[in-house]
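Here chain A shows up in two complexes: once beside chain B, once beside chain C.
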Partner chain A sequence: MKTTNYRAINTFKSVALHSFLISVALSCLFPLIWMVRSSLMDPETIFTEKSLFPKAIRLVNYYNAWAEGNFGVYFLNSVLYTTAVVVGIVFISSLAAYAFSRLSFPGKNIFFYMFVGAMMIPLPGSFVPLYVLMSKLGLLNSRLGYILCMINVGLPLSILLLKTFFDKMPPDLEDAARIDGCGRLGIWWHVALPLARPALAVIVIFNSLNVWNEFILAMLLLNDKAKMPLQLGIMTFQGAHSVDYHLLMAGLTISSIPVILIYLAMQKHIIKGLASVGVVG
Partner chain B sequence: MNKISAGIIVFCLFIGLIILNKDKVKEKSPDKVILWHWLTDRDKVLQELARKYKEQTGVDVVVELYAPADSYVRKVTAAAQAKMLPDIYGNVDTKETFANYIRSGQVADLTSYFQADNQAWEASLFPKALEGNRFYEDNIYGVKPGIYGVPIDVTNMQLLYNKKLLAKAGFQNPPKDFAEFIGMLKALKRIGIPGFVSGWGELWLVDCFSSNYAFNIMGEAKVMATLKGDVPYTDPDWVKVFMVFKEMKDSGGLAEGIITKPNKYAEQDFALERAAFAFNGSWCVNVYYKMNPRLSYGVMLPPPVNDKFPMMIWGNGGSSFSVNYRSKVKERAVDFLKWMTAKEQQALLAKETMNLPSNREAVADIPSVLSDFTMAMDATTHPTVWKYNENPIVVERFYKGVQSIILGDKTPETVAQEVQEEKQKQIEREKRINNRKNRAK
Partner chain C sequence: MTDSFPKKLVFKDSLKNFLFAFPAIAIFCIFYIVPFIEVFRLSLMEWNGTFPPPEFIGADNFIEQAQDKLWWGSMVNAGFITIIALTFQNILAFALALACDREIKARRFYRVVFFIPPVLSEIVVGIIWQWILYSGMQGGEHIGLLNYLLAKTGLPHLVHNWLSDPKTALACISIVHCWKGFGWGFVLFLAGLQTIDKQLYEAAKVDGAGGWNVFRHITVPMMAPIIVVVMILTVLGSMQIFIVMIAMVGQGGLADYTSVPVLQILFSMNGAKRFGYACSQSIIFGLILICVSAFFKIISNRVKQA
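Now for the complex of A and B:
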């Protein structure tokens, strides 16, 4: 009798838990499904047809979104910005985090807290000084200016994550490398970076998403259409009062594909990285 | 990693930075006129106009779009602080901010251009179109009197009616007065058609609708006297304004959830024939067309309660452009704006974007719904041109009061009392602040 009760309770718990998880998954997936469905419909039927599956599929929306939104140029720009910024962040943050973790120099803690404190400043709050600074440096409307700013945006969190990781790295590994003839940079390259791969994967994913979806800073710093990122192309479908939903959704679908691909490619690492941020060596 | 590898990485980064920086700011050609705007839906036609202008005059106008509006405002603010505004830029903020720009020397005074040749440019535009850009003698902003912007279109707020749904309820014509309007809402309710929809989840739409009726019920002088603080909101005429909402609620003709509905959803309801009447701005022509090109509807002033005073609706210059005071090509910039607001260009803008033209001569060449909207331009008013404006806290109390009436929680008399109490509080607060300021002086 007791066993039957136990089984019934377990089954009930399992059903309740799975129902809850399925409903959460569906609520996450629904906007994506709605986006793809709307991207295949004509503007008149988006709000009148209730079905998730459109009666007539309009693939031409994708062509129109690509052409009208000038996606060809914007797409390449976004790829360039994302690659350059992520490489820059990984390079600088791993060196900085390693230095904060392993080296002793005057003002080390102050510098570190300054970096961490930078995370607290909301981006819009720094727009005016940033614009003035970039204009004085002659970096306004330049790709380099935008890339440097975006690297700066991504550094604090990345340094914090990697420093936490390096702090837990056993000193014995470094000693062994030193015996083998490695210098500071050699230890960073041959020992610290390979061990930090899960944390680096998290940094790559977070920063890729951040740069790929960013447009406010790009709009502030860039003037030439030829230098704008993909998100700005999507904005062209949002009028002051009206929205071209079919093109907007097609544009959003196009722009979300690379992000989904990056996530799928690094899915294993990201879960491992988040789960094992404290386990090193 | 050996020193050679480290050297290669640093070298590659250095070369990369040089390549990327090769395309940094090119000096602007002295002949070009740069125009910044945020009007996504008008970008194509503005580009087209710039192309035509170059063909006709040889002057290169570079149109640069930055949207959405809030991001555009940030860019303009930052550029203004860095003294790097373009030659022409779209105004998007409040009149107070606009006045700040003028006082800080960022905006050129265009009065002399408007008044040249016997005021030819000014006379070609709807007088109300210029009001938002005009500062009169002794204005509260402390700005030198003059005209500081060029409207490329105008807007106004009116009542829209769905011809098919009215016919279903047995009506061939729109209502002539408020009593008839309430009768129609009841008739529509009887056959299961929601009567009236508007984005009353947004405070400004309720503010607009109620001030239209306030002007109609008590006239402009009494509305201004109320804003000044000389007439209380408990005055019977103000109770009548609140009664407008109560009667609409009692008719059962308000769309479900109207008090929390954003205007975008209200627009969907009307476009998809889920409501017979809508209160909306003239931009809706474009919105409705995109959602339902076959929608058959008409435009009218909100039906009046009183025939002693005219119905005044909100309306003004829609989108305006200013010329940078520091621009090196100021004359060229003004010439382009003058050309853009001429009849032919205005008709093209109106046809392509379905906005109302700011040039009154262009009305003959635009679609009929748009010309119907423009016919009411002489009946427009706007808080930006009033001598007095209500305290925002009182406006919010007013809005919450209207919501309570629609919910059936409060009577018009109670709401009038509450709004007056808030008004009194704010008047006393302002007095205290002024006294403190005087003492400090």
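Now for the complex of A and C:
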């Protein structure tokens, strides 16, 4: 008698637990489902029809958003910026982290603490002087200018993560490479970088997401439609076609699909990376 | 002669080493250090961003700021969002982490799903929710899903202009902000919970401790460092919220009831064309953020010692 009672209580507990978790999970997924379903609707009925599975499905919305809504250009720009910034960050931060960890030069510690300090001090309005600087350098509305700014944004954390990684690397491997005739650059390329693959994965994923989702610097620095990345393109589109919700939703979906795919493919790295970022922060 | 030769070698060696770090240092100095110094210089100037050149006005910007009601009002709005995030978002994140820190079915599924909102961009999140909260009507039907559902489920008195009514706009934005943010806290809390030695729980059970006591005397103290990290990240993230606002109520949302400090800085710069004032605002705001983070650090150290 008593055991069945316990069992009933346990079942009740587990049902309550799962209904709590499922309702939160649904609240995470539903807005996305709603976005995709709105992106497939007819502009005539999108404001009035409310079924989750609309009668007429219009895939042509995606073509219109891509071609006429200019989302194709925005998408390719985002791909370009993300690739350029991430490649830049990987090379520049790994060279610097290797130097901070293994090589010696005057002022090394000062420079390193400069990077650490930059992560600790919040400067919420830093875009104001940055904008002034970029206009003085003639880098307003320039792809290169935006890429350099975004590389700078990702550098401190990437250097810190890689330096902690290189510090733990066994020196024997480098000695062996040195005996084989490798120089500094050779050791960095053939020994340090391959070993740092787990840390590099975290850096690549986090910086990709960060650049892909970046909005404010793009808004301040780029005003030519041909150079805009997706997030800025979405806001520009919304400003110009405020009633074309079917195309806007298609644009949002175009912008979100790569992010969600990368996340689903790499979520182990992301969770692990988050834990290490949390410890650093 | 024999002395200077090795010296020269050492110098050459350090120079080569320095070249490894040079690209990073150069980019960082140009795009971080120079603007950082400029912020302080410009904060003492009155300047419209172009011509005439900056004019030195001493601390006038800071004095004006102290009396700027819009500015402090925006700080109160950000504070409101931060308090909602600190309580509602973090308690939800902690509860979910506790629920997932045990052998339950579909644990991985939940963990994957809860972190989807944080990887989306703020623009996307803002626009999706703006679409759901939309308050217009067409052909006798509500356009926004929320109002439609309220009307259909017999709650028509709750139908509302969610984002254009000052009373509800900020609350809606706070909730969307929490929706986007709780996944971060969840993942960090869960990582922390998983480092707690399960034997501690067993030992407590043997000693006859109930669920609440285990939570109060084992879980919370063991989690204290992570709780502090999450709280500091929440404060920094919520006080600096603004992109979600641009996406949900537009940049014209500068009407004081939904303005936040970063939007004010942006407006001082782009709207009012007062670059010096924007810089002084960003200095004061940065100082406030540092003070709040330091406050949490000190509290956590106190708790640790006690």
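In this text, the second predicted complex is superposed on the first by the 199 of 281 C-alpha atoms of A that agree within 3 Å, B and C clash if a C-alpha of one lies under 4 Å from a C-alpha of the other, contacts with A are read in each partner's own complex, and residues count from 1 in each chain.
Just so it is clear, a contact is a pair of C-beta atoms (placed from the backbone, for glycine too) under 8 Å apart; a residue touches a chain by one contact, two chains touch by 3 or more.
All values derive from a computational prediction rather than experimental measurement.
Legend: residue contacts after superposition of the two complexes on their common chain; A:Trp189 is shown touching chain B, with no touch to chain C.
Contacts of A:Val128 after superposition: both chain B and chain C are touched. In the superposition on chain A, A:Cys149 makes contact with chain C only, while chain B stays out of contact range. Once chain A of one complex is fitted onto chain A of the other, the partner contacts of A:Met249 are limited to chain C, with no touch recorded for chain B.
With both structures placed on the common chain, the touch criterion links A:Leu200 to neither chain B nor chain C. Between chain B and chain C, more residues of chain A are touched by C.
When the two complexes are overlaid on their common chain A, residue A:Phe47 makes contact with chain B and with chain C alike. In the superposition on chain A, A:Met235 makes contact with both chain B and chain C. Legend: residue contacts after superposition of the two complexes on their common chain; A:Phe100 is shown touching chain C, with no touch to chain B. By the touch criterion defined above, A:Val85 lies against neither chain B nor chain C after alignment on the C-alpha atoms of chain A. Residues 47-48, 91, 124, 127-128, 130-132, 188, 215-216, 220, 235, 238 of chain A touch chain B in one complex and chain C in the other. Across the complex, chain A meets chain B through its residues 43-44, 47-48, 84, 91, 124, 127-128, 130-132, 135, 138-145, 147, 185-186, 188-190, 215-216, 219-220, 223, 225, 227, 235-242, 244.
For chain C in complex with chain A, the residues that touch the partner chain are 14-18, 20-21, 23-25, 27-28, 30-36, 38-39, 42, 49, 92, 95-96, 99-100, 104-106, 109-117, 119-125, 127-129, 131-132, 136, 138-139, 141, 143, 145, 148, 179, 183-184, 187-188, 191, 226, 229-230, 232-233, 236, 239-240, 242-243, 246-247, 261-262, 265-266, 269-270, 275, 278-279, 281-283, 285-286, 289-290, 293. Interface residues of chain A, counted against chain C in their complex, comprise 14, 17-18, 20-21, 24-25, 27-29, 31-32, 34-35, 38, 47-48, 50, 91-93, 95-96, 98-100, 103-106, 108, 111, 114-115, 118, 121-133, 148-149, 151-152, 155-156, 159, 184, 188, 209, 212-213, 215-216, 220, 231, 234-235, 238, 245, 248-249, 252, 255-256, 259-260, 263-264, 267, 270-271, 274-275, 278, 281.
Put simply, chain B touches chain A in their complex at residues 1-2, 5-6, 9, 13, 16-17, 20-21, 23-25, 38-41, 43, 64-69, 71-72, 74-75, 77-79, 81-82, 84, 268, 272, 281, 283-284, 286-287, 290-293, 319.
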